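What follows is a single structure, and I will ask about it in a moment.
We just call them A, B and C in the order they show up, numbering each chain from 1.
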């Protein structure tokens, strides 16, 4: 039998550097995919609303009044952060991207190319997760910024005053995207029908459980994330009023720790799932 | 003859009349979904509110202290509202992949190369989703009405609320047709059922969120027509002769619903083709 | 290390369905053709070899080490999968370069290696075009480029010739043989028997999850006793030859065709020796052509699979 010439042994592939290479490969794919274009359009919704509010506010020289009281633009901005970004956009981005990190590659049958490279499988997941995070931050933050500059100057509030809290909002939204993304990445790698489960969790479980007193709410991302929001929760419905009554707010430290645990644990579990699972592609 | 011909023989049996091919698609789709245990679980859970309501009706009819629980027209209206969440999950579960999966598998060309019109294909797919949606909305509501008659032992409630049966039917069908056509149209836009599911969720919840902001700022529900679920709710209040939840005029809500169905039909007409028209 | 792949009682099942059943086989260095009908277990075997699936039972070593969850092995392995799937928005060069970068090389090195691989598969003119615009044959070639860009010592090619026109097929077969001559080992899976035959005589024949035969196709043929060898002889005096053949007991049957006699023999070595003498002496007229229609992969495949 023919002897194969011995080659220089290669060093074992490292997770971190491999993850960055996957991030590099995936970021462009994610940013310019049709789904990101759609989400960009979706994130234009709050901006369009902000434009409309600004135009309407210009018609009333003194801004908006809520329950007869003059409402500064920063309060309206806070409402929009709650109602649009925290309760809807951040969780839906987490579900949308998080559940499909690996599943998209499997559906497109490109996973083979990544899993037959000298990189640990968990590096593929982590790299794609990082790409998701950057991609969503790049989509969400400009939308928030535009809404801020359109809405805040109405009703007597100033951009200068409201700017430092805006930075806190950026950080909070980025943390929210990280937490939901990691959680749903875990759901996507472990469970069948991750989209349904993700939607049930984000729009069924979380809103329901937050209403009840007790420890159950600690099994949500929203419990920890909402503690980082400096704006007042809007009272737009009976449910919101109930939420205000039963709301327990953990400290910032406890929230950050809780979210860090969620991100770490779920990403680790997702990495383990990807390494042990066999992906059988549709023929 | 001693030696029989082993070659191909034409089918000599009876054939269904033309225009019934959609039934084949519908039956096959329904059967496929019913084979999934998780989906059967979801259907079972969807009937849980029915049992709660049935207990309420029984108690109201047979326990004097529970007379305050007696059903009214609003009870049935609320029941249909409660079923909306299950309708949402079933729509995403069943509807997202109806056309998207066929597009992914390049099956549209195969379907449309058979003696099957595009309309039959679309109706067949619609029928799958509508069947399950009616199973969790219209059917339990009607059964609840029958249960009320059975537990009360008389037709008093029924005769006093004769409009309830048509109201339940009309509202359930409007809801189901709107939701099914919208989901089917979205499903025809992509070959990823996951993407379609998110698209549908985004449209539904986002319009609600936008309306939430508008309401929070203006304290007026005149612009409730922005939200799809608010439009449906407004029409429901009209059909059940209940006070309207929103200030938005109900004809506007009706127009929005009709326009959505029309847009969905247009999208389906453009997207469901055996070949892609380039120029 | 001389065996590229070594399996020991390797089995794989999917629920109740057995994909591969107790396979113990070694694949030597060089080119090996993996053959089998649809559903034979070729894909399962390929996936086990490439570490996409984990064995249900038994072991599989590739280049001396287990492959499942052992990513460092992929430095030495290049895989060209069957499925036609890519990142369509990337150009050919971008795609191959991005995948090579996953081997830990720098961007400039990756570009250089990718370009070299693309040159090897004759796709230079299209390397700056988006893969979405490629024809089927071009897509196949760019797939092969990504498999060999990092200069692996073992190439696994799953249906590499699918979608290629005849000229490109010949070029690719030549390339594969060149790579083997350069020291690479190659496992090629294909349905196209004559093309496998033109690449290698070393085959691994699989059917219903079991290995039917492994090794040199001619040796395998010789061992298939129940199917006598067929020899086609075109000559001036076929009937005279036939009379001579019938005097020996290793000739089992014969029939006549136009200016030829087709012989079935149970002992081909002895028969060929006599035939050579007859041809040399010319005593029974000139012999113009001698071929063996079934000493080939097709016949081996047919005999073993249908057995």
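To be clear about the criterion, a contact is a pair of C-beta atoms (placed from the backbone, for glycine too) under 8 Å apart; a residue touches a chain by one contact, two chains touch by 3 or more.
Computed from a predicted model, the values in this text were never measured in an experiment.
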Maximum centroid distance from chain C, chain identifier (CA atoms): B
Chain ID, smallest distance between chain and overall C-alpha centroids: A
Contact pairs, highest-scoring chain pair: A-C
Distance from the mean Cα position of chain B to that of chain A, given in whole angstrom: 30
CA centroid of chain A to CA centroid of chain C, Å: 49
Chain centre separation in whole Å, for chain C relative to chain B (CA means): 54
Junction residues of chain B - those touching two or more other chains: none
Contacting residues of chain A [partner chain B, same complex]: 35, 38, 42, 45-46, 49, 53, 64, 66-67, 71, 76, 79-80, 83-84, 87-88, 92, 95-96, 99-100, 103-104, 107, 192-193, 195-196, 199-200, 203-204, 234-237
Contact footprint of chain A on chain B as seen in their complex: 38, 85, 89, 92-93, 96, 104, 192, 194-195, 197-199, 201-202, 205-206, 209-210, 212-219
Of all residues in chain C, those that touch chain A in their complex: 1-4, 14, 28-30, 43, 50-54, 63, 69, 71-77, 79, 81, 83, 85-87, 89, 98-99, 101-104, 146, 153, 183, 185
Residues of chain A defined as touching chain C within the complex: 1-5, 7, 10-13, 17-18, 21-22, 24-25, 29, 32, 108-110, 112-121, 275-276, 278-281, 283
